[in-house]
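Listed after this line are the structures, all set down as structure tokens.
Same chain, two partners: subunit A is paired with subunit B first, then with subunit C.
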Partner chain A sequence: MSPLSATHLHSAGRWAIGVGLVAAAWGVMALTPDTDFPKQPFPVAATLGEPAEARNLRLTVLDVSGASELSDAHGWSGPGPWLLVEFEAEAVSEEATASLQRIELRIGDRTYRATDRPLFAAPRERLRIGLPATATAAFELPIDALEDSAQNRRAVVSFAYDDINRQLDSVVTHEVDLTQISFAAPAEIPDREWSR
Partner chain B sequence: MREGEAFTQAADVAAPASAPEDPASAQKRTTPRQWIKVAAGKVPATWITVAATAVFLGATAGFGGLADAPGPEPEPLPVLAAGETHTNQQFDITVERAVLIDELPGSGTYPEEGERVLAVVATLQNITDDPLLSSQFSEATFTIEELPAERPSGDEATSSIARVDDSTLAPWLQPDVPVQVVVTWPVPADLLGAGDLVRLTLSDYERYDWARLGGSEDDHSWVDPAPAAYVDLEIEDVGAGADSEEDGG
Partner chain C sequence: MSWWRRNGLALGALAALIPAAVVVIGGQEWITYYGYRPISPIEVPEGESVEFAGATFGDAGLTDATAELTDQIPADAKVVVVEIAVRPGAEPPMCDLTLREASGARHWERASSPSGPLDWDGTDYCPSDSTAPYLIEAPFLLPEDAEGPFVAELVVADELPRFLRLEVGD
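Moving on, here comes the complex of A and B:
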């Protein structure tokens, strides 16, 4: 082998190593979780009727239904569509901070808060240890939530205590297929009275 | 500096070449070209830099010096009529009407002695992906410049926002769900009357992403509301509130 071709080979080797390192760097970038990753909450999936346990929370999703219009015993009514999630919840170890501040529905990229109207339907009381309470969270939906789309088939309801500091807290999630729910009939929301 | 050195070298090269000749013939052969070369070699490089800068600044002065060039005239804000929609990064805002009323229970505004309530009815549709608390933004989004900043009691005059249909105060606005709201201000009873035109200023918030500061990608806040449009509304006076539709809202 002549010295010239050896030099060529040498330089080709350097190029190969260089390109290889760039490719490796790209691989590392692609594999690195995003900056949010270390702070992600811990999801606890809940199936219908089965209790799910999260930090200081035992929650059972009892029923998921739709309504074209919602009304209550006080004469309030609001046109929908509404998604109603009936659940039973109790605290496990501490009552002082056991207030479900965060009840959300996620449809695709959009997040919906459990409605604050009517005020008396919003479940805001503290949970008790050993005394499961039943409540209904109502979500006011946009019209396009009734369409048959991939994101509507995989909507997620989530429950957690802290609405502000969500990092590293556990959150009970329940997947809802909105396309399987009938929004045709009106419904009446029970009073905000817990434990009935 | 490098330029200067090059010139110096050129001069050094030129000098020995002409050294053996007698001074007279050397002077004869000094063409203007050579003379410039030698002169350039003797001028310190800083002088050249300074001279070039001076020429540049002199030329700049002819166009107004180093002051900021005047920007384009700010475009006058659009003036909308009732029923027209203004869209910003947060909301589709459709202002419908302005009503003057003695009091509007449930609106969040409690008129004092000598005050009435100015109510603006608008439809807001949250076009972001997250629920927005209306009262967090309504104060800056809806402003009326001609209203006094202080109330008879000395308190600051602030606006309130409530839903028209069930008078929920400071409602959360869910994504893509249009909501008719009523924004109310306390106004001196004699300031406005039926038929008067009132100019409502709509301001837009700007989205600030915390990801720029290394925050998580979803984190953002809404900052720096700035006037973006006006809506001219003719005031309707409903007296003590005979308009029963408004009573609940």
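Moving on, here comes the complex of A and C:
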């Protein structure tokens, strides 16, 4: 005599419960978000020249420009086109993990990492608490990024600390219209320096 | 009621085993996460010494080195140097040193090279090959508004989750 056998249902009632459970299961399946949904980072939109406040990060996008060819003051150069994003950043409370390991440019469904080649630009160097530094992130672009297309008008630059565990941390994003940027002239990428 | 009575032993076992499973699995997860992180400080008041990881750490203090390093730091910054006297035992421990506001709000890494911006000659860590007494001198780069009081946090990997929190004043 199991506890359930004490209940007596009509067969129509059993069918109703069965169908109801199948429908409920379908509803749960339909409502379940993607598996990566619980891991989404928290985006913080940054406008040009305005400081964006994220977890342990205060970042200001100072300038966005283009270059046909890039060089630095130490003899490095690389053919472009390049997108240059000059930013000022400081840590707020914790220095241990305060290095912008993830600096990306997203165009449509393609993601580009900021270059590490001009060593002294050092956009990924550790940030200091309360002492902002100015650095420039450079992205080498494919030629089709210069065309006039919907996705090129809505490219997104993002900055975050952890490149591997991106879950549930804030990410500073800045939208860039690549079609409004001139990639005609060469440019020199400045070395990282203290802002003040 | 007879079903409950016939299965009484199994039900009783479940009542004991489910909480035991939660404690064992949860405890295992807790240990693998927190057992290797500095979460259990040994507070050392200013001026006192303590035995830790087979060595003696003491006489912790703070000095200001802003004047010597002004050409390497931004205008509104200052450099403080944490000094800790170490008397190693037979097996000198390796250590890592950070600085925290006593209020807990802000936590600094050493500012000496290679990962920091300052050129620095002092011993800013615990060398594992030194059995003679030595002085740790570790520089930290702070914004001018950081006024302390401060504590130095000294972590020896083998001793985790315990670590030393030495008062160094302001």
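Things to note:
As a convention for this text, the second predicted complex is superposed on the first by the 158 of 196 C-alpha atoms of A that agree within 3 Å, B and C clash if a C-alpha of one lies under 4 Å from a C-alpha of the other, contacts with A are read in each partner's own complex, and residues count from 1 in each chain.
The rule is short, and it goes like this: a residue touches a chain if its C-beta (ideal position, glycine included) is under 8 Å from a C-beta of that chain, and two chains touch if they have at least 3 such contacts.
What you see is a predicted model, and the numbers here were worked out from it, not measured in a lab.
In the overlay built on the shared chain, the residue A:Arg126 is in contact with subunit C alone; subunit B does not reach it.
Counted by residues of subunit A touched, the larger count belongs to B, out of subunit B and subunit C.
Of the two partner chains placed by superposition, only subunit B is touched by A:Gly78; subunit C is not. In the superposition on chain A, A:Thr32 contacts neither subunit B nor subunit C. Using the contact criterion defined above for the overlaid structures, shared-chain residue A:Ser93 touches subunit C, although it does not reach subunit B.
In the overlay built on the shared chain, the residue A:Pro142 is in contact with subunit B alone; subunit C does not reach it. Interface residues of subunit C facing subunit A in the complex, by the touch rule stated above, are 2-3, 73-77, 98, 105-109, 111, 115-117, 141-143, 145-146.
The residues of subunit A lying in touch with subunit B in their complex are 34-36, 39, 76, 78, 109-113, 115-119, 139-144. Those residues of subunit A that touch subunit C in the complex are listed here as 1-3, 92-96, 126, 128-131, 194-196. For subunit B in complex with subunit A, the residues that touch the partner chain are 129-131, 163, 165-166, 168, 171-172, 174-177, 211, 214-218.
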